[in-house]
Amino acid sequence: MKPVIPLEDSFDAVLGVEYERPGDGTVAATIPVRRHLLQPYGLVHGGVYAAIAESLASAGTAFGVAADGKIALGEQNDTSFLRPISSGSIHASARALHRGRTRWIWDVEMRDDEGRLCAVTRMTVAVRAPG
Amino acid sequence: MKPVIPLEDSFDAVLGVEYERPGDGTVAATIPVRRHLLQPYGLVHGGVYAAIAESLASAGTAFGVAADGKIALGEQNDTSFLRPISSGSIHASARALHRGRTRWIWDVEMRDDEGRLCAVTRMTVAVRAPG
Amino acid sequence: MKPVIPLEDSFDAVLGVEYERPGDGTVAATIPVRRHLLQPYGLVHGGVYAAIAESLASAGTAFGVAADGKIALGEQNDTSFLRPISSGSIHASARALHRGRTRWIWDVEMRDDEGRLCAVTRMTVAVRAPG
Amino acid sequence: MKPVIPLEDSFDAVLGVEYERPGDGTVAATIPVRRHLLQPYGLVHGGVYAAIAESLASAGTAFGVAADGKIALGEQNDTSFLRPISSGSIHASARALHRGRTRWIWDVEMRDDEGRLCAVTRMTVAVRAPG
């Protein structure tokens, strides 16, 4: 399965996810808070946190199952909002809790520049044969 | 509490949420699928569904509690992905299951142009005094 | 796959789930509130609602996929608590939102004797080949 | 607020939760797998994991806010099932991710005797004034 949308035209580019090198069942990224990611009251929109977590967990699963010729498909995204962010950067780190044959489960933590936990996501990603 | 970001500069504008008139505990919207909402494989990014649901449930709660001088704050967003969408529009409808003193709980359904259910969200929105 | 524990010795018997006839993608049941289902403050324990939802959605899926020789396995249970119950009965009804090849997704509503919504569950059940 | 049901008559006694000493934002417990906790196929019922997590997170929050005269009320319980258990014990450990003024958020992990992760719960507990 080949990408059909260049990364720079995709929703990841809208979010501005800057990936760090993925590890073994871990993914980290920094996302600068820009004006178009805010809701009208000047806080980062809740959907932005959910989307960041989705990108990290999907990318981490895809990376982990590619050698088996499998693909990753987001199945469920449960995001809790703990503390608003209005400026600076979002620091996201994802860790695979479970790497099963048919699905991976991730915990994603998102922190502000002071290291305070601002949102957490539990993400289920299905592992499928392509096509 | 006054908005500080014009709606046309906010994340709702990135998503392209076109609201219909809110009802009593219901909100509906249409979101045309545009290229920047896709992930690299040409499907709508999972975070887009979560963000749409967040916008509808938050707007519906804010609308419902404004007369009491209260504000709405997203607390938890649990989105399940059922079927991918790659073109056309996303048709979203939100319904308040519970309207409590301290939180509202919503179900949001998102369908494609053929009316097939593609994503569902259970969303918890806190009701707070401003400031 | 054959049951190995008689229903009257199983956790369903502890809960006291009295099933009504399952429909096409629907299951309903009544659960009398008995003392051993309460937490120390005299309210039905939150885990009881989650367990009831789990039983209904699993039974409904198992019933729906049995003709194909498939089995049902609970994958995720997301229960929200809206209003406590301390006596009377819990009236539960489950409805399949999505019946896919690999998983079914259910909404379960639990009400008190006055018909007030007290807990809601979104439940994901995997469909698998036995063994 | 005083307990009205002795712990030995409550749902915790049905579950057989054996608490270890609570720490600062942590709670652990062991639960022997007994026949009445199984579903008909001989596996621990999914609702048992959800109920264990509910008990630990609620107890941990109640313990943490008692000094302020506050009480704990379960708000949402999202449990994912990773691997079935049919015998031995369930080893549960809960950790508070967030201790806010109005709610605490917990991660609960449940493992088998071999230390394998079998279920995980994200649990939201509301902090309220009594009465």
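As written, the chains take the letters A, B, C and D, and residue 1 is the first residue of each chain.
We adopt the following convention: a residue touches a chain if its C-beta (ideal position, glycine included) is under 8 Å from a C-beta of that chain, and two chains touch if they have at least 3 such contacts.
Since this is a predicted model, take the numbers as computed values, not measurements.
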Exercise. With residue numbers as the basis of comparison, which of the pairs B-C, C-D or B-D duplicates the interface of A-D in over half of its contact pairs?
Worked result: B-C
Exercise. Between chain pairs A-B and A-C, which one is joined by a greater number of C-beta pairs in contact?
Worked result: A-B
Exercise. Approximately how many whole Å separate the CA-defined centres of chain B and chain C?
Worked result: 28
Seminar exercise, completed: Between the Cα centroids of chain A and chain B the separation in whole angstrom comes to 19
Seminar exercise, completed: Taking each chain's mean CA coordinate, chain A and chain C are separated, in whole Å, by 32
Problem set entry | For chain D, residues contacting two or more additional chains | 75-76, 78, 80, 124
Seminar exercise, completed: Within the complex, chain D is touched by chain B residues 75-76, 78, 102-103, 124, 126
Exercise. What does chain A use to touch chain B in their complex?
Worked result: 1, 3-7, 9-15, 35-42, 45-48, 50-55, 58, 73-81, 84
Exercise. Given the complex with chain C, which residues does chain B contribute to the contact?
Worked result: 78, 80, 82, 97-98, 100, 105, 107, 117, 120, 122, 124
